[in-house]
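Dropping a structure here in structure tokens format, bear with me for questions.
Naming follows writing order (A, B and C), and every chain is counted from residue 1.
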Amino acid sequence: MTTSRQTDVVARFSRRHRLHPLEALPWLLIVVSFFLFPDYLALGAQILATTLFGLSVDLVLGYAGIVTLGHAAFFGMGAYTAGYLAAHGVGAPVVGMIAAMAMAGAVGFLSGLIILRAQGLSILMLTLVVCVMLQEAANKATSITGGADGLQGMEVAPVLDLFRFDLYGKTAYWYAAIVLFLGWLVARTLVHSPFGRSLTGIRENVARMRAIGTPVFGRLLTIYTISAAMAGAAGALIAETTQLVALNAISVDLSGVILVMVIFGGVGRLYGAFVGVPLYMIAQDRFSEIDPTYWYFWIGLLLVIVVMFARGGVLGLMELLWQRLPRRRVR
Amino acid sequence: MDSALSAAISIAFHGTAFAMVLYLVSVGLSVTMGLMGFVNLAHGVFAVAGGYFMTTLIFGLGIPFYLAVPLAVLAVALLSVPLERFLYRPLYGASDLDQVLMTMGLVFMSVAVGKYFWGPTAQPFYPPTALSGQLEFGLRSFPAYRSFLIGSGAVLVTLLWLGLDRTRFGAQIRAAVDNRRMAQSVGINTSRLFTLAFALGSALAALGGSLGAEIMAISPSYALDHLVYFLIVVAVGGLGTIRGPFVAALLLGVSDTAFKYLLPEFGAFFIYALTMAVLLWRPRGLFGQA
Amino acid sequence: MHMTSRFILALLSASLAGIGVAAAQTEIKVGVISTMSGPDAQPGDQMNKGIDLYVKTHAKDLPPGVKVTLIYRDDTGANPDIAKRLATELVTREHVNFIAGVVWSPNASAIAPVATEAKVPFIDMNAAAAPIPRLSPYIIRDSFTLWQVAGPIGEWAAKQGWKKGYTAVTDYPPGYDAEGGFTQSFEKGGGKVIDKVRMAFPTEDFSPFIQRIKDSKPDVTFIFVPAGKKATAVMKAWNDLGLKQAGITLVTTQDVMLDEELPNMTAVGNGIVSSGTYSAAATRPANQVFLNAWNAAYGDKAIPDFLSVQGWDGMDAIYTVIKQTGGKFDGDQAMKILTNWKTDASPRGPISINPATRDIIENVYIRRGEMVNGKLQNVEFDTIPNVKDPWKEANPPK
């Protein structure tokens, strides 16, 4: 590839990624769903919070190329921070969320310092090990976390002192939607910035990036920390909207499931989490209602079918179908 | 003093037995992931399938242990062929993540299938009479079946080393993984080779799953429950090697048992700390090649 | 004219009757939150079987025009956030009259506020953490607490004259409760627990812990692990390391000497003494009735355990409410009946709800593993009647 072709690609890339009308679709769907599905708002809030979690995973997975099997460590740290504060008199959700992000980001920074020099299978295992160790610590520290029984006594105040968390989940839904929106703004800005492009470069060819003088480790650590803080925010969301935190929030199981959801949606396209998380969670909810004993089978089958038909998850599948449509313009 | 020595021997013994089961199952994963470069998170499915077939043959059809195990292994190896052909082969060139997705889908399906055919309870398993009870060695006695497991592990690692590191078959696989087109151009039928290698990896898993049913119970969630351990063994050992997982399994099995004995409150912690230490020191694993 | 008016009259009365029937058709919905998938599906499965069996065999007991619908939801394990959402959905979407089931204590704790806010009775059919009934005035529990069950075996062990005890439990809250219950009554009876160990939850190979016990040389060891494959693994390790020959006696609870795992244990379980609220080998007539229905529905190989009976008895409590109110009640009326519910017809023997605590009062049996007709069974040989939860007695609400 010659230099002029490279700048050409980059120029078209940045032109193409100004705000596209299709990007309003998720937000439209979120607003419409509130009115169409008033009985499903609790599930909706959980889906929104998990989407934020998925977005944080996509940032490191799809853009920086770090395969992580331990992101629930940050999600859980955020959840426990918000939960602990709420159980000890600091019930204001926004305060809890900021504290959660700070805590999760700090843990992300520290663990990133230790493990981000590794690659391949090693880094996967290291992220997993960090998560497992934090899970064990949470299990043991019963006085802080409540151990296996979960954190008790959370008293979450109304959001901004105005909006109480109700049984039907209305407040939870909007709170989660707004936080997700803010997270999306951050992610989108990052991804389309020079910083974001350098991450893609690192993912594609580390040696070349090093050769042109990019501080690779520094970039990776930065995105890892930001992603950890975002995951922490998602954890705080779940804690505050459900008013409980248990060990499953910091578990390897959750790390695995979120990874699967994001890959299922399609990595590295910013919207993988927006597609993969709701589809997976709704499928899981439906399957487990239809076939409570064997729904695992149907979910597994769904995953296999999606991969067999297209690489790159559901977004990849959609891209494949889009390309098959007749073109009016000659490219 | 004497009781400390006695305890040490007991720990070494039980740790090694546990390690052998881990090794028996994980070495197949080292083959598929290392030699073939495929992220096969569904490896445990072949192991538990071996266990299920074995217990069904023994308790459903009354077939003796010594016959049931080879039959179960053969059944799984045969089953792996169409799976490789239709599910794995299309993804050989795909990204790691797509391979993760497909194999996780298989794992989920296996949990439901296991429960559907065999119920949610763990399968019963008793060693055959000749291998049960205790073996007397003067003042000490050791459980016979666990001694059998240790022996089997040692035999297997030798056979594999001779069979793969030292033969043309092994060399061909390595060649095909390094550069498939080159290997094909010198006349190696890479498709058939990969099918054979995959069948070998699955057969090894089935062997580990069936022999190891004594320690790692055969239940529908087997593939999920033990995934982390299998991954740790191959990561610490080094992908694509035969000795690597053996040493890693020994290291992990014995230290896990030792830590649980000495510091039961923190037993679980140490294994993961140890894994972290090894991987930071040697990112490719103990025996992995750069 | 004559024919038409008779025809119209017939039509009118038929439709009135139809409307009358439709109006009288009351559907009582019971939302059952159970664990049906994942690594921990075994207890959920047993509980569901007990629930289903009761509904199937007691259809004739319902008042005319009343039917019971079970709505199952899967919490997939100890996931309190999922359990809470399922309970919320059952209450707001399906408008259930009762919430029932729940295997795991964290899940039950999470559901409590939902029951309170919606004023829907929650029949806890398993979750055994002692404080659970206190978390909401709409909870009754028909299962047990580990304090209730582990206490009697400690008392029995002390009575045998054993002085040095050792406890080994799985490192999670039910384990702590069991450890506490045994230690308290063992030491009250004159014994001393010389050491204790808490074993990490994922442990599958218990040899190092059993070795530690062997080295400490106690007279008696109390072991508690979750019901299922861990229990079998513990027994195997106990056997492999020759602790019986070393003169150490093992005592435990019904979770380890689990009725449906006994066929896997055979020789290993022979002679092991445990305490429990239900043994499938119990000879009382109510159990025979239960077993006949069970085997007819699920086959001869299927073995019920205490979870199955808890599901069965819990439904009995619900049916009592339905029968006493004719199917018309609200949450508070139901709770009034449930809080005072008792029965002598349970496969476990006489059970009742303690109105002061809304927790269960039941017999605890001491059983020994014995070979009966070539099969290992828990044979009851001693009864401690009407045991209340000692933890609540010792810890009155503040």
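Rule of thumb we're sticking to: a residue touches a chain if its C-beta (ideal position, glycine included) is under 8 Å from a C-beta of that chain, and two chains touch if they have at least 3 such contacts.
Worth saying up front: this structure is predicted, and the values here are computed from it rather than measured.
Visitor: Once you draw an edge for every pair of touching chains, what topology comes out, line, ring, star, complete or other?
Guide: Per interface graph, the chains form a complete graph.
Visitor: State the pair with the higher C-beta contact count; candidates are A-B and B-C.
Guide: If we tally the contacting C-beta pairs, A-B comes out ahead.
Visitor: Just how far, in Å, is the C-alpha centre of chain C from the one of chain A?
Guide: 38
Visitor: Using mean CA coordinates as chain centres, what's the gap between chain A and chain B in Å?
Guide: 33
Visitor: Using mean C-alpha positions as chain centres, tell me how far chain B is from chain C in Å, no decimals.
Guide: 37
Visitor: Please list all residues of chain B that touch 2 or more other chains.
Guide: As it turns out, chain B has residues touching two or more other chains at 111-112, 115, 265, 268.
Visitor: Please list all residues of chain C that touch 2 or more other chains.
Guide: 37-38, 171, 200
Visitor: Of all the residues in chain A, which ones touch at least 2 other chains?
Guide: Each of 136, 293-296 in chain A touches at least two other chains.
Visitor: What does chain B use to touch chain C in their complex?
Guide: Where chain B meets chain C, its residues are 3, 6-7, 10-11, 14-15, 18, 111-112, 115, 119-122, 124-126, 134, 141, 143, 146, 214-217, 219-221, 224-225, 257-258, 260-261, 264-265, 267-268.
Visitor: Spell out the residues on chain A that touch chain B in their complex, using ranges where they run on.
Guide: Touching chain B: residues 61, 67, 114-115, 117-122, 124-126, 128-130, 132-133, 136, 140, 252, 256, 259-260, 263-264, 267, 293-297, 299-304, 306-308, 311-313 of chain A.
Visitor: Could you please specify the touching residues of chain A with respect to chain C in the complex?
Guide: My answer: residues 39-40, 42-43, 46, 136, 139, 147-150, 152, 167-169, 238, 242-244, 246-249, 288-289, 292-296.
Visitor: Where on chain C does chain B make contact in their complex?
Guide: The touching residues are 37-39, 41-42, 45, 171, 197-200, 202-205, 207-209, 211-212, 215, 228-229, 232-233, 236, 240-242, 260-261, 263-264, 266.
Visitor: Where on chain B does chain A make contact in their complex?
Guide: Checking each residue of chain B against chain A gives 33, 87, 90-91, 94-98, 100-102, 104-113, 115-116, 228, 231-232, 234-236, 239, 265, 268-269, 272-273, 275-276, 279-280, 283-285.
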